[in-house]
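Take a look at the structures below.
One chain, chain A, appears in both complexes that follow, with chain B as partner in the first and chain C in the second.
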Partner chain A sequence: MSTDVSSPHASPPATSAAPARRGSLLHRIANSFVLRRLVRSAFVIWVVATGVFLLVRLLPGNPVDVYINQQISLYGKTYDQAAAEAQVYFRFDPSASIFEQYGGYLLGLLRGDLGTSITTPGVTVTEKIAQYLPWTLYSVGLALIISISIGLLLGMIMAYRRGGIIDNLVTVIGSTFHAIPNYLLAILIVVVGAVQLGVIDYARMRGNISPGLEPELSLRFLSDIGYHATLPMLTYILTTAGTWALIMKSSTTQVLGEDYVTVAKARGLKDVRIQSDYVGRNALLPLIAQIATQAGFVVGGAIFVEQTFSYEGVGLLLFESINTRDYPTIQGVLLVVTITVVLANLAADLVNAALDPRIRLGAGGAA
Partner chain B sequence: MTPSTTPDAPIMSVKDLEVAYRTGKGTNVRALRGVTFDLYPESALALVGESGCGKTTLGSALLRLLPTLGEITGGTITYRRADGRELDVTRMRAGELRRWRWSEAAMVFQGAQNAFNPVLTIGAQMADTLIDHSERRPSKKEILERSSEALRSVRLEPRRVLRSYPHELSGGMKQRTLIAMALLLRPRLLVLDEPTTALDILTQRTVIDLLAELRVEHRFAMIFISHDLALAAELADRVITMYAGKVIETGTTADIFYGPKHPYTSKLINAVPPVVGDLPELASIPGAPPSLATLPQGCTFAPRCELATDACRAAEPELIELVPRPEDRGHAAACLHHDQVHHERKVIARA
Partner chain C sequence: MSLEGSTTAALAVPSKKARRTGRNPLARLVSEMTRSVEGFIGLLLVLAVLAFSLIGPLIMGTDVSGDASRAWEGPSAQHWLGLEGSGKDTFHLLVIGGGTVLMVGFLAAAITTVIAVAIGALAGYVGGRLDAALLQLTDIVMTIPQIVLLAVVGAFYKLDSPALLAVIIGVLTWPVLMRSIRAQVLSLKEREFVEAAQLLDVGWFRIVFGEIVPNMASYILINFIIAVTNAIYAMVGLYLLGLAPQRGTNWGIMINDAWTKGAMFNPDAMPYIVAPVVMIVLLQLGLILLTRTLEEILNPRLRER
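On to the complex of A and B.
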């Protein structure tokens, strides 16, 4: 019955994974789970970078034409004058072939150079993103962590006490808020909370920091950015926590019906251990991929909410750069969003593999 | 060594056990109806019957592992510890019940294929069990020694199995690992619910032989739940036949297999081929077991029984003691016409 003890030197998971393994170091590296995922991620980022590059160029009118037309109509400059100015402002030459542009773009990307903004000449896209991104990462990221924590906890309680008060309450409230888009809720908060009831001081709370306050590591600064982030974060948490609770409930309910949970009870294990190591860990596995997908939302999904609350995050940056046709910035922001999603999925794959031994083997044996 | 091993004290006494499943608002189905038996130390009892007769419900109820909708509605389950102290399992509080399970009474389940947490190694799950049943945390060395010993007793190689994940083991290995885990805390009672059902015939044989050996070696009392009468006959020294949630016949293995006095037991035996000897004619039992929600008036087997008379349909017969013996080893059948049951098997092929 126990026949496959052929390679005692190999690590235990690999023993039964690859029957026809040659055992050379090169082969083992090529088969490495982590390496495969890394290569795949790099490939996805390249595909999206190329896609965004081409799509932006498919949009009617190029940034230089827009700039030249602006200069002509606003300041009465001649075409040659405006074109010469454009030459100074823009790194890229519209008459260059698309292959040259693409090569330059990719070379820039490799050096970490995303190009220069059009509307604020002299400022690189990297600088712009570095200025806006931290605010979004802070507000949406923190909200996501809070929302997931609350959701997972509620979901487990709901599964354990199916049909109870918490279960029914969260199901109703959760599905209601899930059905409301977050920008609509943001508007509702402003209209009802600030305008009609007057309980929210919208004029003071909008923006991401009180005017005149400089970033520093002090309690005053931290409480101020916390105060300003309250409304967007509340919007994100309210619209997502209930959904997490419902997903976690169904996942936990399924795990609770598994034989190994009954056996764990029969084995007289402590309740805390059964809840965490047996139920919690297995219920969480299918959720990890979904959590990772949501990480893309951290950067990209906040456009309308940030606009409503004048919260100067990367969503607002994207919105403004589309309005002003700032193509390099659009390109840069979309690339950052992509990289976030890809990295989050990569992290999810690795976390999943660390938590679930079956996935590690399945991936190794499949391809 | 201890006075409890004297034959006169049963390790577990079940008295008038009633279990009901909630099936809707205010409606119940009685899955067990007044089950009574005594189990003596080191004895092996087989529970046999068709699907849906209450075997598994009884097994789960003994460890209070009924699903959420099931509930013990009456009767007592008395467990006698090695020191002679008696515990009523039906009244144990959560903490007490948790410590009692597995250390005194372990259970090997029907679906061993999913009995282990898929994300933990077998070694980690063995360690869990030991840690949660110890006053002080056992050392790594102690855990390794005790888990290895348990695995060796089921003929598995500890070095390989302990660091494997459940999905890396074959079905038979999983079943043996579960048995090893059940023996880990040296329980005095082992409940086995269809331990061989999901296995192929050769693996079944290995597991059955193993259980017979382990019983001699570890001297636990055993309750063996099976629809496979041949296996039951091999492992058990006493057999209880169940039908529609009730004990309808009880006796030694010889009583039941050579002289069953309930027509249902007789027909059940004739429905399966024997392990050894001549091949007899196999006959299925006409009809199906009654729905527990709508039990017929009187004897529940009457609709499928050719001996049934009006007296059978009038009132449900109680167990009638036919051969009294001590230690609950007597032969009893719940049939008014037990004297008319003549068990015989028509041989159609010689061995």
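On to the complex of A and C.
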């Protein structure tokens, strides 16, 4: 996300491509765009992990203290007993110094150890998240892809036919749906579609899978999970597609004014080729830079939307853990969701660099 | 709901027409607003919701007493939107429920905007290491899904008052705006008037906050409104999920109450769930229409396209 959205066509600084540095292989590895991005992503994850550690362990009123005090006051346990239990759930050694605890916590994270759920004894947080996360990735990811494709197409049409019916219609509908918070749209879908009109079988469509159906690679299973994901995905798509279309429109409009498009037309290239290779490819760049921000936003919104549709994704897991004060799970979900967004960012950066070589060269500076 | 991409172009250049007429800028703004149907509707919507929520309670009072024996009564001439689960008048609750939403929205947006402008202007003007470090910081904060973080912070630490909620939303959401302010400052600081101020040696503080920031006023205003919509999204969401304490009356709490009591399956209770939803949607729609039009008015480059 280092690329400034406002100036996707900024000229790259000349220094990083200086021929003198090209010689040494080590330099080229150290300067490699992919490596720099990987290190940066790892750094972000480390900072967030540390932040979560401080939030959970150190700040006044932190969950570990709360848990220990609760055990003492509710069940009359001694401090040592309560602390020993907290240690099991949160995976730390209360007698160790805070630095040793921090080290242990980071090592645990590297092994994928996020502690044990308080509310469902014996189940580790990692197992729990592994059970819920795929559903969110599937519904949010697929919805994002569909929404971006729709927005891309509409946006290009709008830019080519500015002031036309499609342009005006999409602008009005898009900004209306953009204005409706996704959780309210979810409620409206249930209230209007299921109760008033009766076109949506809310009772059957709730959840992420029909009861009794086991995950397997069959048409029945795939159509079932598609059926259950329809409502959350519809919500995500309706609330975001208009925004994508508007971003794509303004970016395409900008590209259409560039000299190289005029040159391409003057050379008599086919319209289809100009649209895809000259306009589309360049207009896409600012869009990809936005995917990362939007992905984080949609994943965040999933807490609200999944709860409304009882869709058992990571958002619902977070909601339930917050309600039952299952702190290790809350901490785990926050970490995993952030890591997911970091990875989505990384992917967007890499795709962007593949499409626009200037980013690979230009990102050497302060970014 | 990031609108970063659509609002990044520089807005400091007054339009040619504006320079010619040279009227009072506010009057000009109003006349331009009324010329755009979209913007006028937006303005009316926002004013209507503001009047409804700020003047309404003065007329109807803030005390709502309920008669539990008349729970879930349907709409009537006396109770326009019917009664809710404990026999309170839904319309009255609707009137009272807007104040908190607006207060949190505007307070959180004000905090976000102040932080973003201060840090963004500094980073853009000073540049160098400070700029790089602050950008790195925003990169990290922006990565964490803010709604998730808000929910978690709300779970760990009791958010007892709406004002506290507003402060937390404000403190967590500044990075996106800070980046676009920074980009603006980067382009503005090359202008002649900044150079002139530098030659007068008035000091960086006066250059940044006396020369550059006032020149971004319209841009900041637009982003402030966007920040209001984002803050309302976050706060209503938290109340609606029950992740913020369900004390007092606001539209989020009403929807949560209606949803958990299954009001949508009861035709008589339908207004109780639909009315607050409609109010929030109208407010958000009005604010967004307003920003779109303000953007067009204040950024002639967009209009020419």
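The rule we apply is simple: the second predicted complex is superposed on the first by the 300 of 367 C-alpha atoms of A that agree within 3 Å, B and C clash if a C-alpha of one lies under 4 Å from a C-alpha of the other, contacts with A are read in each partner's own complex, and residues count from 1 in each chain.
Here is the rule we go by: a residue touches a chain if its C-beta (ideal position, glycine included) is under 8 Å from a C-beta of that chain, and two chains touch if they have at least 3 such contacts.
Quantities reported herein were computed from a predicted structural model and do not represent experimental measurements.
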| item | value |
| --- | --- |
| Partner chain(s) touched by A:S97 [first = chain B, second = chain C, both, neither] | neither |
| Which of chain B and chain C A:G268 touches, first, second, both or neither | first |
| Touching partner for A:N282 - first (chain B), second (chain C), both, neither | first |
| Partner chain in contact with A:D356 - chain B first, chain C second, else both or neither | first |
| First, second, both or neither for A:S24, with chain B first and chain C second | neither |
| Which of chain B and chain C A:Y260 touches, first, second, both or neither | first |
| Contacts of A:L334 with chain B and chain C, given as first, second, both or neither | second |
| Partner chain in contact with A:V191 - chain B first, chain C second, else both or neither | second |
| Residue contacts with chain A in the superposition, chain B compared against chain C | C |
| Set intersection of chain A contacts, chain C complex versus chain B complex | 1-2, 5 |
| Footprint of chain B on chain A - complex, ascending | 1-2, 5, 12-13, 15-16, 258-260, 262-271, 273, 277-278, 281-282, 285, 355-358, 361 |
| Chain C to chain A touching residues, read off their complex | 1-6, 8-9, 131-132, 135, 139-140, 142-149, 151-157, 176, 179-180, 183, 229, 232-233, 236-237, 240-243, 255, 259, 264-265, 270, 273-274, 277, 280-281, 284-285, 287-289, 292, 305 |
| Touching residues (chain side chain A, partner chain C) in the complex | 1-2, 4-7, 40, 44, 47-48, 55-56, 59, 61-63, 162, 175-176, 178-181, 183-184, 187-188, 190-191, 195, 243, 246-247, 250-251, 253, 286, 289-290, 293-294, 296-297, 299-301, 303-304, 307-308, 318-319, 322-323, 325, 327, 330-331, 333-334, 337-338, 341-342, 345, 366-367 |
| Contacting residues of chain B [partner chain A, same complex] | 63, 65, 98-103, 106-107, 109, 111, 113-120, 128-129, 132-133, 156-157, 160, 163-165, 167-168, 170, 172-173, 178, 181, 203 |
